[in-house]
Amino acid sequence: MSLTLRNVSRTFAGASAVRNISLSVQPGEIVGLLGTSGCGKSTILRAISGLDDGYEGEIEINGNTAKEVHDTTGFIFQEPRLLPWLTVLDNVIFGLKGEHADKQKRAKEYIADVGLEGKEKLYPRQLSGGMAQRVAIARALVTSPEILLLDEPFSALDAFTKMQLQDLLLDVWKTYQSTVVLVTHDIDEATYLCDRIVILRGQPGEIDREITLTEQRPRKRGSEELARYKADILESLNLDRARSIT
Amino acid sequence: MSLTLRNVSRTFAGASAVRNISLSVQPGEIVGLLGTSGCGKSTILRAISGLDDGYEGEIEINGNTAKEVHDTTGFIFQEPRLLPWLTVLDNVIFGLKGEHADKQKRAKEYIADVGLEGKEKLYPRQLSGGMAQRVAIARALVTSPEILLLDEPFSALDAFTKMQLQDLLLDVWKTYQSTVVLVTHDIDEATYLCDRIVILRGQPGEIDREITLTEQRPRKRGSEELARYKADILESLNLDRARSIT
Amino acid sequence: ASATGGESQPDEIRLDYAYYSPTSLVLRKFGWAEEVFEEEGIEIEWVLSQGSNRALEFLNSNSVDFGSTAGAAALISKSNGSPIQNVYIYSQPEWTALVTNHDSGIETLEDLKGKRVAATIGTDPYIFLLRSLAAEGIDASEVEIINLQHGDGASALTSNQVDAWAGLDPHMARVELEAGGELFYRNIDFNTYGFLNVREAFADKYPEYVNRVIEVYEKARKWILDNPEEAAELLAEEAGIDVEVAKIQLQRNDFSQPIPGDVHREAIIESGKILQEGDVIDADANIEELVDDLINGSFAEETID
Amino acid sequence: MAKSTGELTGVYIREHTKKKERNKKKKKQTEVVLLGSILPVLLFILWEFLSRQGVFPAYQLPAPSAVFSAILDMAATGALWEHISITVYRVFAGFLFGTIAAVLLGSLVGFYQKAEHIFDPIIQAFRSIPSLAWVPLFILWMGIGESSKITMIAVGVFFPVYLNLVSGILGVDRKLIEVGKMYKLTPLQQVRRIILPASLPSFFVGVRSGLGLGWMFVVAAELMGASQGLGYLLVLGQNTLSPETIIASIILFAFIGKSTDWLLKILEARSLYWQDRFAKT
Amino acid sequence: MAKSTGELTGVYIREHTKKKERNKKKKKQTEVVLLGSILPVLLFILWEFLSRQGVFPAYQLPAPSAVFSAILDMAATGALWEHISITVYRVFAGFLFGTIAAVLLGSLVGFYQKAEHIFDPIIQAFRSIPSLAWVPLFILWMGIGESSKITMIAVGVFFPVYLNLVSGILGVDRKLIEVGKMYKLTPLQQVRRIILPASLPSFFVGVRSGLGLGWMFVVAAELMGASQGLGYLLVLGQNTLSPETIIASIILFAFIGKSTDWLLKILEARSLYWQDRFAKT
């Protein structure tokens, strides 16, 4: 599904959060959003998701500009947002439709994929931070959404779990050709996953730079190519920082 | 303040979370806890803090083994845990004692230090994820605690804000000679900050390895020395992973 | 009255019973009404009235066909336009009097001046109090009337929170017996009789059956006259009160005049005037007309010889 | 709980802890019951003592022993069970209807702004009308059968349930609602799958409050031509100046009310197992 | 809100939006009032119509016009204000005392397990005792002065406030309590700085419920020797079989009850500005 933002701005009670964001995402593209904390990345994702309809400008999803939630969109929020009265299994099943047995089977697969096999019956309050985040990831991926909005999905995970789940994400993406918008602070992650990286700048956030990564997937983590991109991105961010401090 | 754990284990409703953790932290030392998601890092911090008294074994803080909260301990939880009815400023003031004007002044300094100047009057629901985390950091540091327990304090921050706050932490540490236990998934962070890194392994978590870093502070990020440590740690974690998968 | 005719017969007749109407208790206990009407396939339904105002609410809402009330209450309701008629007097009770504690020093109505007297505004004891005061030429404003429910008035008196109380049986009998209360002013004529009222609609439709209900009521009345001891026991058992209390209560009931007539008319008119002064009945209501509308002795006259 | 790969020792430890925990729980329960009895028992002793000393004369406030013997008398004749059972039946039925009505209307008002603007003001206005005031109106509208009594109790139950539910719904964390929105739940599904569970704690308070009010409304209900029931008993006691009957009915109200509340409390605890509540000191 | 570095355009836009928002808010408010009036107005019209048609005869249910003229008559003689003011005074005083008692006992029970075990059972038992049942006891203990009336109302207010507060406290997120614990707050500080603010939504429901019950208990309170007040008016109406008076008192109860609730609702909205509630559709 294609996704286009045109001059999107969002103001909260008089204070501007993002300004004039224009961005066009091709079907099946993975776009990364990078930027300092508070520059409006989550705000943009919320606008795309349709949960927030207070923005100005236009967001077009497959030709539709209505401010509404599309049920083909999956959203991993910045917090896990598990339903505390449901077990891990039921939380993952939550968004699924269809036969009960099918749903269970599918959910269990994804629970295993995120490394939580055997934890199906735990309640959210019994989970560690990273486990809760993984349940949220499973919940979003299990519905195989056509548009995936990810808000720092792997931030609370250790290096290896993170890599594993990044690969899981790529698997899902490959199978369902999802369009992905990924917010992350991990530049390695961005270079490993994204076709394009959009760097936001300032407060209110505006688009500063777009970097297109042409390297073929599967990419090699820590490859020289990616390292070059990383250095480039770091510099952009750093510049922004320097500017915003003065 | 010195801190010693002796054979600490924690069981939740029959399921063991950590087992036989023994660890002794010197006054003014910064110890990092690394390990896969769900291996019991937060559980250990909670036991040290005194919030959880369901553990077996003994925890000694300055010679005192009572299972209670010490008011010289500061805790940055894995979630921001801001009080939703207080503004940013009041949240930071929350733990301070003394004259109102003094408290305000001090709190404002730390708010500026974490880069939230001008945001004092916002309520938690108006903050971005990273901003909330920074408020939580300011709230914990402002009381200049003698023992600092940090549970992934910088996980939701972009690379540069993260570096800035790591340095802030070191400043506080230098000024007050706090004893710090830091849980993190960021190996660069661990090598940059810690005197010693403890690697947990398995589920229930046990101590696998301790790595002592002798390099002088201020350390240089990305120095060769640190890179060597990093490779070493990655290997340990990887091994653990390999073992736990089979 | 049977000449007016009407429809054949009702499916059921709904009677009320009340602890202030011993006749109704006897009638219900022995099932005489059921006996008489069963043959015709008419059901009898009994409803408990916990006070005149409830009985009138039941009548007004067509929940009962016959309801037992104090005469004054029936008049007040009539003045509000209730379609009811009084067709029978189940007793002339001396159920209210003025009560005080035995060491209070109150002996006459004069002594009440400046004192606190408990009464339930709008009910028989209240009317009794006003009439008594009026008879002595004392203005009602010279005593402090405290509005309390009957039972609460009794407790207030025994715990010395008021100096006197316009009492009502069986509370009064119990206070007399157990707490040493003294009835310092009695006047049976200032009581307003126990009225058995019928809904006008019922009387119009089934006049014959009004007579027949009166007939069974008569049977109960006669039984009480013949068996005062048993009647007291029955009252005690039904109402859950002490036999001694029940005896006193029954002694203060005169069951001799069942047919509504001029005596009743006059007593009610007097009460009506007092109530009018107290703003309970509308100032421009014509009391005499109302009373004439309310009291209809013809059924009883026809039935009782 | 967690069905993890159980080594033998692990299983053993689990079994062991379970047993220990069960014992501990039992001991705990008796302790709770004992602690809870302290005040009532003290109260009864004091009261009996004062009665015997003649501080309260019997025609004002009979001694507890006298009251209990009155209750036992009623129990002996079987009248007690009839009073209790009919009242419990009425309260139960009224409670059911009142709760259902409150859930329907409460969900509507909680969920739709328009519905709130239309219905809430009048409901809030009705909420302050005392039970006694309804009596004549109910008699008028519904007569004096069981239905009017049950409806009266339902009215009492309705308001607290409604109020708590609406406020519970309004207090549901926006974050969770958004999860539902992302899955395009229909409003009804939203209510059933997110809003009701999330506002369950509030709902239970409402239900418990409502049941309490149901018991209170019994008196008004049984003014409407009842000849049995606890409310009837109370009014009878007041009309015949029988303090034993009054106090007996009060004690029965307290006891049965407490028992039914206890049932709800158990249900509450069962349904809210997932809450991350704070453990008390 | 945010005092950020205001460029001129920014300031302009802010001013502009503020004005627009204020206008919008005003328009919104009138709409809300209008929507809320629909049902009551319809009800009155229907009722008047049915009365004129003779469906409800005046001795059963007088027409609203008759009731309003009765109220106006009372207003003309000044009696109305006396009835209203004395009742409002009683409810207010009872509400105050009841709420204070509930906050004290509720905090204790909510915070200390022992206190819960000791006090909660008996409080829950008392909760089901109908207001009318208390009347003779209150007269006995406290006489028939204002104090007994106010206490009676306080009793009514107490229970819902208590129940909601305790449940609110028990429902406070453990995570926030732990924050307080880390700073070694004393129990009292815990209550004041964390538990009360966190359970404020619950508390407000309790307070609003309690005020409603306060209005209900007025009748029982004014059975105790009152010669003025809305409850007195109601009972007088019942004793003197005057449907106008009964209905007039009902309408006054509804109207004044709703007004006081509205005040609380405003206070609630003000105090809970920080809540991240879900916006309704």
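Per-chain residue numbering starts at 1, and chain names A, B, C, D and E are given in the order in which the chains are listed.
Note that a residue touches a chain if its C-beta (ideal position, glycine included) is under 8 Å from a C-beta of that chain, and two chains touch if they have at least 3 such contacts.
Keep in mind it's a predicted model, so treat the numbers as computed, not measured.
Student: Going only between touching chains, how few steps reach chain C from chain B?
Tutor: 2
Student: Going by the contact definition above, tell me which chain pair has the most C-beta pairs touching.
Tutor: After tallying contacts for each pair, the winner is D-E.
Student: Rotation angle, chain D onto chain E: superpose the C-alpha atoms of these two copies and give the value as a multiple of 5 degrees.
Tutor: So the copies are related by a turn of 180 degrees.
Student: How many angstrom lie between the CA centroids of chain B and chain D, rounded to a whole number?
Tutor: 47
Student: Can you give the whole-Å distance between the Cα centres of chain A and chain C?
Tutor: Their C-alpha centroids are separated by 83 Å.
Student: What is the distance in Å between the mean C-alpha positions of chain A and chain B?
Tutor: 26
Student: Would you mind listing the residues of chain B that make contact with two or more other chains?
Tutor: Those would be 79, 126.
Student: Where does chain E touch two or more other chains at once, residue-wise?
Tutor: 1-2, 4, 60, 135-136, 140, 175, 235, 238, 243, 275-276
Student: Could you check chain C for residues that touch two or more other chains and list them?
Tutor: 60-61, 149, 151-152, 155, 159 - these are the residues of chain C that touch more than one other chain.
Student: In the complex, go through chain D and note every residue touching chain A.
Tutor: Contacts found on chain D: 1-5, 175-176, 178-179, 181-184, 193-194, 197-198, 200, 273-276.
Student: Help me check something: in the complex, which residues belonging to chain D touch chain E?
Tutor: 31-32, 35-40, 43, 56, 60-61, 110-114, 116-122, 124-133, 135-137, 140, 159-160, 163-164, 167, 170-175, 177, 187, 201-202, 204-205, 208-209, 211-213, 215-219, 231, 234-235, 238, 243, 246, 249-250, 253-258, 260-262, 275-281
Student: Enumerate the contact residues on chain B facing chain E in the complex.
Tutor: Chain B reaches chain E through residues 49, 51, 69-71, 73-75, 77, 79, 81, 83-86, 94-95, 118-119, 121-126, 143.
Student: In the complex, go through chain B and note every residue touching chain A.
Tutor: 12, 34-38, 40-43, 78-79, 115, 126-131, 133-134, 151-152, 155-162, 185, 187, 234, 237-238, 241
Student: How about chain D: which of its residues touch chain C in the complex?
Tutor: 57-60, 135-136, 139-140, 143-144, 223, 225-227, 232, 235-236, 238-242, 245
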